[in-house]
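Two complexes, one shared chain (chain A), two partners (chain B, chain C).
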Partner chain A sequence: MASEDELNLLVIVMDVNPIWWGQQAQRDMSESTECLDAVMVMGNSHMAMTTTNRLAVISSHFQDSHFLYPCKNWTGGDGAWDGTMDEAPYCGDGKYELLSVANNVVAEEMKRVMSTTEMKGNSTDTLLAGSLAKALCCILLQKIVTFFSAGQEMKSRILVIKTAEDCARQYMNFMNVIFAAQKQNILIDACVLDSDSGLLQQACDITGGLYLKIPQKIALAQYLLWVFLPDLEQRPQLVLPPPVHVDYRAACFCHRNLIEIGYVCSVCLSIFCNFSPICTTCETAFKIQLPQMMKSKKKKLKQSI
Partner chain B sequence: MDEEPERAKRWEGGYERTWEVLKEDEFGSLKATVEEILFQSKRKRALESHGQVRLGMMRHLYVVIDSSRTMEDMDLRPNRLKATLKLMEAFVEEYFDQNPISQVGLITTKNKRAEKLTELAGNPKKHLAALKKARDAACVGEPSLYNSLNLAMQTLKHMPGHTSREIVVIFSSLTTCDPANIYELIKTLKSLKIRVSVIGLSAEVRVCTVLTRETGGTYHVCLDESHFKELLMFHVKPPPANAQSECSLIRMGRCAHVCFSQTLKHSQTHLDSTSEVGLSLGGYFCPQCHAKHTELPVECKICGLTLVSAPHLARSFHHLFPLEAFRETPLEELPADRFCHACQGKLKDKIVFTCPFCSGVFCTECDLFIHDSLHCCPSCINSQHSN
Partner chain C sequence: MAVYVKDLIRISHNWVDTHTCDVTTRGWILRLLINITASVVYPPLDDSCPSTTMASLSEEVLLVLKKVRQRKQDGTLYLMAERIAWGPEGKDRFTVSHLYSDIRCQKISPDGKAKIQLQLVLHTGESSTFHFSNDSSALTDREAAKDLLQQLLPKFKKKANKELEEKNRMLQEDPVLFQLYKDLVVSQVISAEEFWANRMSTTNTENTLSDKKQDVGISAAFLADIRPQTDGCNGLRYNLTPDIIESIFRTYPAVQQKYGENVPHNLTEKEFWTRFFQSHYFHRDRISTGALDIFSECAKQDEKGNVTHLELYRYIRSGVLNVLTAEGLPKEKKIGGKPASTSNPNRTGKENSNSAIIKRFNHHSAMILAAGSRRGDAPNDQASETSSTDGNSRDSDLFQPPIKKVWWSIDYLDLQREDGPKTVALNLKKSDRYAHGPVPLESQKYTTSQDIINSITCIRHEMANYVPNLAQVLTSSAVSSAIAALSPGGVLMQTGTQQAINQMVPSEVQGELKHLYIAAGELLRHFWTCFPVNSPFLEEKVVKMRSNLERFQMTKLRPFQEKVQRQYLSANITGHLEEMLQTAYNKLHAWQTRRMMRKI
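Presenting the complex of A and B:
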């Protein structure tokens, strides 16, 4: 069990692409509000485990990412985690006040985000790399603050709830974010609702987190509580879903096929499936290795006896 | 040999009035000045960037560690050798983090001889184990610069032309015992395009100055332990490539990790690595000959194909597309009560950083994190997508 003094920060990054959710609503009547409810159940459970646990929720839209909780317009930044809640509304059902406050704030902010963001284009992919980068910076700031104020180390992890497909353009930024997370020892867990995501599989593999594709969306809360609520020390004691086989093959730059053996330019590290004399990315000419010239040996003619 | 004018030595210049940097504020405290100095040193690293220079990504680096009598000196705690070995462990880890497809080898020199501690290899475990074992070694005799450079050169000269060949010497003695003329060796190193850099622990030695100048490396003498660490970590970044180095397409195979719990018939595959004994369940298969290997990156012993995995190459991408330094703006110019775009913390420092592309505002800590580890601006990623 975790010791009494450890601080655990859980950052939940939620994918709220409205176009995807609209399509889902038409297809099988599932709503984004159900997903949000399940996520808040998970968040409340995390905060209820120990008083020192903390939560942050980020919504990832396709153009921007917003912090749903803690919200800077509410008590001005760090108020949520200092325990100074002078304006906490009285909820009346005897619940731990922090949980009701969190629920209200998330609901308010979500409404604000969905109604005020302008829609440009109709792509169905989301901007995970930006939200993860913001999550990492936020974790870093909290680590510094808690270290200086309370002298305690803070452990943190990120849970990504992904709905829409991957965006191929953010591969490089995504990989940068993953390596930064690995250096800081921050786990990235992924809970995927619809289609498998190769990027998130790689992220979970590299940082040591869990990847799960949910077969039934209705049971989202159950999966979240079972698989993603226990923190790192308790996970070896549980029987959790096995790791998936990650496809680490890269795509060649000329045809976008997945290849196993290819040629890599030594200057710009771009990958090609066939040998070509010039690299198309950095335009360096390559030295072609010619077969070596062998001196022809003079053969002695066999003398027949 | 000495046609170039040498740098003027420090005692030849005028007086530097270093006490004038410190200024007291009206309460007599130096806190503001000290913070300013710390802030500038934090920013110094972020400002060095190579720009559009071709970098040598695949590096073959030999580190020569002087293990002579002078390394028992205790001016670095606990003694010079132990401090060096500890910093080398951090160096090896950081090196493979920044240059995943490169290789490192270790050489020690004492008793007028040079000895290879580890061969050139791409995996940090062997080097870390060897460094831990070397802590108990005794420091005797005199170092031999010639022998250690010769030993490194024997291996480096066979390396392919598109990789960078480097030697870093950690030299603490003021003398060296060489069997032949070292200036001839310097000429040979220069012709083989091997770049030698030296980090001195005692004082500046003339032969090292000539060595580094001729081969194109750097020579610094460390002042204290933190300066030593800074000098060592300077060699982690890929250096600009030589203009004459060849560029070629390298044939590489990509492997995925395979777990054997599902397929029993593979459990008898023998391991290619001869240093470890035993069978393991998981491993990497070469796509060309299906030989099993336990670690990546490695060169397949059966068919000679270089094996990497995609994250290894992806780690080096940030060197190719470096992030620009952010502009410094004083806090007063912004509308009141602004928050850092990345961490949502309140902006308290006097100076904040603005990204030139997306005008996102960041605090000092986030700026340092973004330039050191993240290598991408969080708000630029968002605005790129909407284009």
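Presenting the complex of A and C:
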């Protein structure tokens, strides 16, 4: 059991790529808003578990990453974290005020984000690596603040709800974020709605979180509550979906195919699927005696930790 | 032919007995005879056969002793190159024959006893006793036998024991090897020779390296250790052991030279040493007394070792001299200090004697060090011109041409250009390739720009009218299907059961499996190294290995498999081992069929 004094911060990083959501909305009108509802239910449940639980929600867009909650723009004052506020908008259903405030803020901010969406550049990829980096910064800041003000330890984890596909250009940043999270003992969980994401599988494997691909979106809230609500200490006592077998194969530099056995240049360590006498990355010429005796490296599939 | 030779030997024995009494002569003549007979081919001596014909000897006989009784029977004792044997009188067979390597030790009866005996104790614990009953020469015979055995036994003992010791040590040091030995040899899957055949070759090279011993150096206090004792009447008595004499000769070759010149022509050894100790050469203050002292020349030679003016000039000319620290320069004038030249007449007598002692002391230490390093060069020393007396190794360098000496003196290792390994410079042309993740370059989905605009508009429209409705976010049917998927056995829980095999098998079974793998690996290694089969030895070995593998499968693998199946689980954890063995069998079968086809 988590001690009473321990703070738990859950950061939900939600992928709100409008293109994907728009395509989904064109097929089925109600799903997109329901997903947002499900995320809010998850956030409320987390905050309702103990009073020391905290929540942050970040929206991940192709333009930017934005903190939906807690938010500076909200006019209710600075007390977003601990629930004290000057004027609470009356919700009408007797809910714990923190929860209603959170919901309202998230809804407002979401609307604002969507209304200010513009297609400026060419990129339609979600800036997930950036959002994760922001989440890490938020966690770190909170850790320092609580440590120095209240002397308490803070445990935190990140829940990523992913919709669109992986962006290959963010790979380096993504890996850096993952390793930073691992160093700080921050879990990264992933709930994937549409297509499998290799990067998130790696992230969950490395940091010790859970990866789940959901078969249907309408029961998203149930999946979130069942799998992602328990925190790290409680998970070993529950029967949760087993870890996924992660594909750690490297991609060759020429075609970006995932390969198990390939050729590695000994100078620049670039990976190729076919032998060529000159490395195209560093332009080293390889001296070989026989065609069979080429440098080859066997890539083993890494065991899940 | 054999009969004739036997008779010849018997006759010659009798002749030798009657005509010679010297043991060595007897032995020599017999050896000659045996060698003659050995030129005819005889079967080699077989130890397992209890009685061996004398005529079938092919070894050298070192000593023959007659009238040696064994078990109350008269006979002759033969000591040969590798064995000791005894044959009864009149017969030409050896009834007792022991290899020297089998003999653990020899014992002799005490001197006072009437019976003069020699007992040989073997490694197995058995013993044979020989009673020397020759009236005149029993004691000398026994002593001769004992001495010869004393020389020979250690040689053979070392060989036999060393191997066993080595094997034991290897088994003790490596528990995996020990286990392997237990699995394979103790259970008789393969024989001990095969097991050790591969391993002993690696250890022999190590042994030869450790045999090199270090030479013993000279103690620096050897002269002081002589410790003269007062004789009672105002004399001194010096005890000189051969060790001390050797040390003196090694350190001071000049003394050795004098010794060689004077002893034994002019002086006896005693006189030489007396003079040595009396001479002022030996004493602390070397003030030269006169030309009568044969050791004054040694003193002069020693002085030569110190740098003289002549040599100083030589140094200067060669350009090697370090001017700041030079001593004894005629024009020297050290800045701010007294000149340190020993030729300064202003020094007091005491200073002179002090410096003389110190010089002597340093010289003595230098000679000792030089003696240690001179060991390898000793024969060359006599030939070199001036360097034989002072052990100064720099002497040899002085005879090099000057320019070479200059180069030699300014050549420092640090100043040389570093010749590191050749490296290739990294020159990346397309470094953005590294940043690309393991994601296919072309995304599968392609969206047109019109699609994009449509999507954005649609979602914007929808979100504008968004009101959170949290109470109706789930329907019960959706929830129940989700719960079903997440329960054990559900859609999302499928991969959990496959990973538990290593938890289902207990650790002892895993340990046994490991041992099986190690043993099988060893056997398979022997098997596969036989290919390609080039020699008849390898052919035999291959077939033998196949039978070994089969035996291993029968005795070890099958019972293990059955045990596992009976007790624990139906998982096939020995499948891979079976596969490896089957591959080996297939290979052998293929090879055999190919061989038969070739023969046909």
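Just so we're on the same page, the second predicted complex is superposed on the first by the 254 of 305 C-alpha atoms of A that agree within 3 Å, B and C clash if a C-alpha of one lies under 4 Å from a C-alpha of the other, contacts with A are read in each partner's own complex, and residues count from 1 in each chain.
Definition applied: contacts are C-beta pairs under 8 Å (C-beta built on N, C-alpha and C of every residue); 3 or more make two chains touch, one makes a residue touch a chain.
Predicted model, so just to flag it, every value in this text is computed and none were measured.
In the superposed model, A:H245 makes contact with both chain B and chain C.
In the superposition on chain A, contact of A:A150 is made with neither chain B nor chain C. By the touch criterion defined above, A:C137 reaches chain B but does not reach chain C. In the superposition on chain A, A:I278 makes contact with neither chain B nor chain C. By the touch criterion defined above, A:Q222 reaches chain C but does not reach chain B. Contacts of A:D37 after superposition: chain C is touched, whereas chain B is not reached. Residue contacts after overlaying the shared chain place A:E260 against chain B, while chain C stays out of touching range. When the shared chain is aligned, no partner comes close enough to touch A:A48: not chain B, not chain C.
Note: residues 167, 169-170, 172, 175, 245, 247, 249-250, 267-268, 284 of chain A belong to the chain B contact set and to the chain C contact set alike, using the contact criterion stated above.
Those residues of chain B whose C-beta lies close enough to touch chain A in the complex are 54, 57-58, 97, 161-163, 241, 246-259, 287-288, 305, 309-311, 313-318, 320-321, 339-346, 363, 365-366, 369-370, 373-376, 378-379, 381-382, 384-386. Partner chain B is touched in their complex by these residues of chain A: 62-65, 67, 70, 72, 76-78, 120-121, 127, 129-130, 133-134, 136-138, 140-141, 144-145, 167, 169-170, 172-173, 175-177, 179-180, 183-184, 202, 206, 245-250, 259-269, 271-272, 275-276, 279, 284-287, 289. For chain C in complex with chain A, the residues that touch the partner chain are 424, 426-431, 433-441, 443, 445, 447, 451-460, 462-464, 466-470, 473-475, 478-479, 481-483, 485-488, 491-493, 495-496, 499.
On chain A, the positions that touch chain C within their shared complex are 18-23, 25-26, 29, 32-34, 36-38, 40-41, 44, 103-104, 106-107, 110-111, 114-115, 117, 119, 124, 165-172, 174-175, 198-199, 212, 215-216, 218-219, 221-223, 226-227, 239, 241-242, 244-245, 247, 249-251, 253, 255-258, 267-268, 270, 280-284.
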